[in-house]
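Chains: A, B and C, in written order; residue numbering restarts at 1 for each.
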Amino acid sequence: MDTHTEGGGQKGGLGGRLSRYALVALLTWVFVAPLLWMLSTSLKTNFDATRQPLSWIPQPFTARAYSVLLTTESETPVLRWFLNSIFSATANMLLVVATSVLAAYALARLEFPGKKVLFGLIVSTLFIPPFLFLIPNFLIVSGLGWLDSLWAVIVPGAGGAFGVFFMRQFFLSLPRELEEAAFLDGANQWQIFFRVILPLARPGIATLTVLTFLGHYNDFVWPVYVLFSPERFTLPPGLAILQGAYTTDYPVIMAGGVIASIPAIVLFIFAQRHIIEGVSRSGLKG
Amino acid sequence: MENRTIRYAGRLTPYLFLAPYLVLFGVFILLPALYGLWISLHDWDFLLPNRPWVGAQNYTELFTPGSRDFTDFWQSMGATGLFTLFSVPFLVTVPLFVALLLNQKFPGRAFFRAVYFAPYVLGVAVVGVLWRFLLDPQIGLVNDYLGKAIPWIIDVPWVWVSLVGMTVWWTLGFNAIIYLAGLQDIPRELYEAAEVDGATRWQRFLHVTLPGLSPVLLFVLTVTILQSANMFGQSYIVTRGAPANETRTAIMFIAETGLRSFRMGSASAMSYVLGLALLGISALNFRFLRQKEM
Amino acid sequence: MALDGCDRSSTRSGAQGNVITLSFWNGFTGGDGTYIRKLVDDFNKATPHIQVRMNAYMWIDLFQKLAGAVISGQAPDVAVMHVDDIPTNAARSLITPIDEVARALGLEASAYTSRVVWEGGVYRGKRYGIPLDMHPLGMFYNKAVLRKAGLNPDKPPRTGDEYMAVLEELKGKGIQGHWVTPFLFTGRFQFETLLWQFGGELFDPEGTRATFDSEAGVRALTWMVDLVKKGYSPANVSQDADYIALQNGRNAFNWNGIWQINGLKDVPGLEWGAAPVPRIGTQDAVWGNSHQFVLPRQHSVDPARQEAARTFIQWMSQRSLEWLKSAKIPVLKSVAESAEFKSMEAESQFARQSEYIRFPPAVAGIADAMLMVEKAVSQGVLGRASPEEALKAAAAQATQVVQHNRKKYGA
């Protein structure tokens, strides 16, 4: 597999390579240590978690924190929250990708009256602090009868301008020659979009997909506001209950963090190849 | 660029492309934005029957020294400004550096990418709680390592170091990934040509990499400024505004005003003032970078 | 913490005929949740025709969710909230008057251990809350630390002079004996306690003006700041670090909420005691709060459900002893004087303060003004302003806040 490197294949001397490895190792430790500490603490007893001197190895090992989280089953169905989170993040992501790719294409490539004004309007909403939308949207969602349902966490967020902005920038970076050729071959706008543009846009879409999914999965303000039955919770409002409950019980709080992190990390490990490698394989460079 | 726009679409086609998004945009962005404007002109609590019209008072009070919110609001705007000022340079450059590192071929590269991106995946709710624990002056791992009692989450200037540091740790992966994608878009031939011309590594970075990245850079810069200016979770969870509200950011103060004190009119007015400030800064930012590009 | 594997009767089908299912919201997460759930389960077993379904949220989220539930007609039938949140929620029409229930249950002031806890549920002449418990501040101490410093671990100091003498003694042994935090938990609670002890008030009784910058207030905050200045407390103590240091033997005294009792019981090998907060000022007074039952507003009133809710509240308040095991003190004299409660050692120490527990005035929106108290404490304890300056600026702002609240919620 041919990957382009910054130096165009420059290898550097042995010394350079060693110092690069040292750098990577140091950086990696800075990134991994807090996560390991979270894991280690989650396996400690509450007393052990803050006992001086601090120790990386739990003494004794205990899964108490996890059983606290998982056995309070009927009122705090962690598994259910987890599934709700995955479901609503997926649904929101599909909605965002489908609508913003279409709209972004029109804004990037098509000519129509009012285009500049419309794009300016859409982009300017990026600058409004999202908090402003919270209360009006709460009332709108309430009017739609969506309070305490997953609709409330799936749909409103899809109005955000980020996806459109992001995909438009992406489309602008695509070469036009293929579209022009397809047009000369007699394809209409829809055919060009579906047969030429979409395949080219795969890496952009993949990136948007992952970012949207994660953004939604991690949103901790809105769901707390609009969901109130535990069986309809997503993870953030659920974890808020658990974290609020155990203010100084660090093992339980850390265990909650571990549980919430696993799906997101797994998703990323699978998706990252698509995002980055996808970019290099897609023939972007024409 | 405009003259190259494809003109051969049917007249309705653009609107059909736009329609699904515009419905969502209209109902959940445009309508609430206007609704918010309306709310900001009242002393508004949606649960009270009486929501008196106050005109521009919610705005003028923000600019009147001695009014209830004047000190707190501008202190919080200051906190947001400081955080943006401190964090953006790091959030833009450190990920670029990491992206350059990860863009080279070495074994286990995919693993390291995953490692650096992992914190972003966790979300601020988890990251905040984790760092609050790590940085606790008395029981935290960081001070344990340093053998000192640095008030990371309690006193200036440490609180700023903590907030910026944890934000870099948390979001580095996001920007790095965008940079990585951008780096791989730079035609290899450009590097080869530069090498033939005898350009040094640094010159190649300056004359090939940076110009090649400029659209990505603009994107990253804009998004990062916006995110920093909307910072909320880190202060809310880690420092809780300490010391004495000095790290209470604008969004955090607005949220307190709107959701805890139920003064939604004032909170909306503050949101608009913050939004206008952001729009202004971003416009400057665009203009500045565009000029440089030419 | 034990894994409370109590079986929650999951088979709730069966006779669907006349079963009324009530929903019950509160902020009892974690430790408290275990106890309240047990009670709710017992209630469900005892009354087959009324089944209660409980949801616990963080307190701060509870009010946001309650607003959504009330406006969408999905309000819970019964809820619990803190006494100082009642006026605001009553003014915002999220809860309804409960006088009738109190009358039906035959509740009256003379049955209660504290005047303020009974009156605290009243807003503008109408009762909105029925007291379940009180949870005051108290003094925890580490017996091993006191012994190590050559002090009697069974005779904690009672007065300001005694307290300072002990702190000095501890300091000589290298122990900082009273850690002061600049946060709500529990720096602000300590300030309020001291303010009242020195004869001051937070606000005037009608809630039109902040008065915590009085001489009493300055003395209270100065006392706290001096603990840091004189080295009895480290500077920059983070939230809960005082309590954790008590467990680790690095701190001797911690004025903390009664809710910490069960946490301390779980620390292996820790020898600790509890006592009333010493009288530093000129009179006895201590910060406290109270959980009270409230009835959220419904779109349509169903007498059968109301009746069921009344039954539930009555049943629960009669079994408060079970609930007090979650570390609370009783509100009913009959319970406070019972042998069962007296056998609860630490809780009984806290209950000695019942008569002089204090709350902020019952006016709507008071929590916003209390934020200013927090600000002053924080600035003072961190040494960013002198106690006088910090209190003066905060009180001026708090006065603006209560004035605005009067306009907003009506005077």
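Methods note: a residue touches a chain if its C-beta (ideal position, glycine included) is under 8 Å from a C-beta of that chain, and two chains touch if they have at least 3 such contacts.
Since we're looking at a predicted model, the values are computed, not measured.
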Which of A-B and A-C has more C-beta pairs touching across its chains: A-B
Counting only C-alpha atoms to place each centre, which chain is farthest from chain B? C
Distance from the CA centroid of chain B to that of chain C, rounded to the nearest Å? 38
Once you find the CA centre of chain A and the CA centre of chain B, what distance in Å lies between them? 15
Per the centroid of Cα atoms for each chain, what is the distance between chain A and chain C, given in Å? 39
Shared interface positions of chain A, touching two or more other chains: 50, 52, 240
Got the chain C residues that touch at least 2 other chains? 60, 64, 71, 244
Among the residues of chain B, which are close enough to touch at least two other chains? 46, 139, 259
Using the touch definition up top, name the residues of chain C that touch chain A in the complex. 1, 3, 5, 8, 10, 29-31, 33, 37, 54-61, 64-65, 68-69, 71-72, 74, 240, 243-244, 247-248, 263, 266-268
Contacts from chain B onto chain C in the complex sit at residues 43, 45-48, 67-68, 71-72, 136-139, 149, 151, 153-155, 240, 242-245, 256, 259-263
Where on chain A is chain B touching in the complex? 3-8, 10, 20-21, 23-24, 27-28, 30-32, 34-35, 37-38, 41, 50, 52-54, 95, 98-100, 102-103, 105-107, 109-112, 115, 118, 121-122, 124-137, 139-140, 155-161, 164, 166, 169, 173, 176, 179-180, 183, 188-190, 193, 203, 207, 211, 214, 217-218, 220-221, 236, 239-240, 243, 250, 253-254, 256-257, 260-261, 264-265, 267-269, 272-273, 275-276, 279-280, 284-285
Under the definition above, what is the set of chain A residues touching chain C in their complex? 46-47, 50-52, 64, 67-68, 71-72, 74-75, 138, 142, 145, 147-148, 224-230, 237, 240-242, 244-249
Which positions of chain C touch chain B when the two form their complex? 60, 64, 67, 70-71, 91-94, 182-183, 234-239, 241, 244-245, 365, 367-368, 371, 375, 378-379, 382, 384, 397, 400-401, 404, 407-409
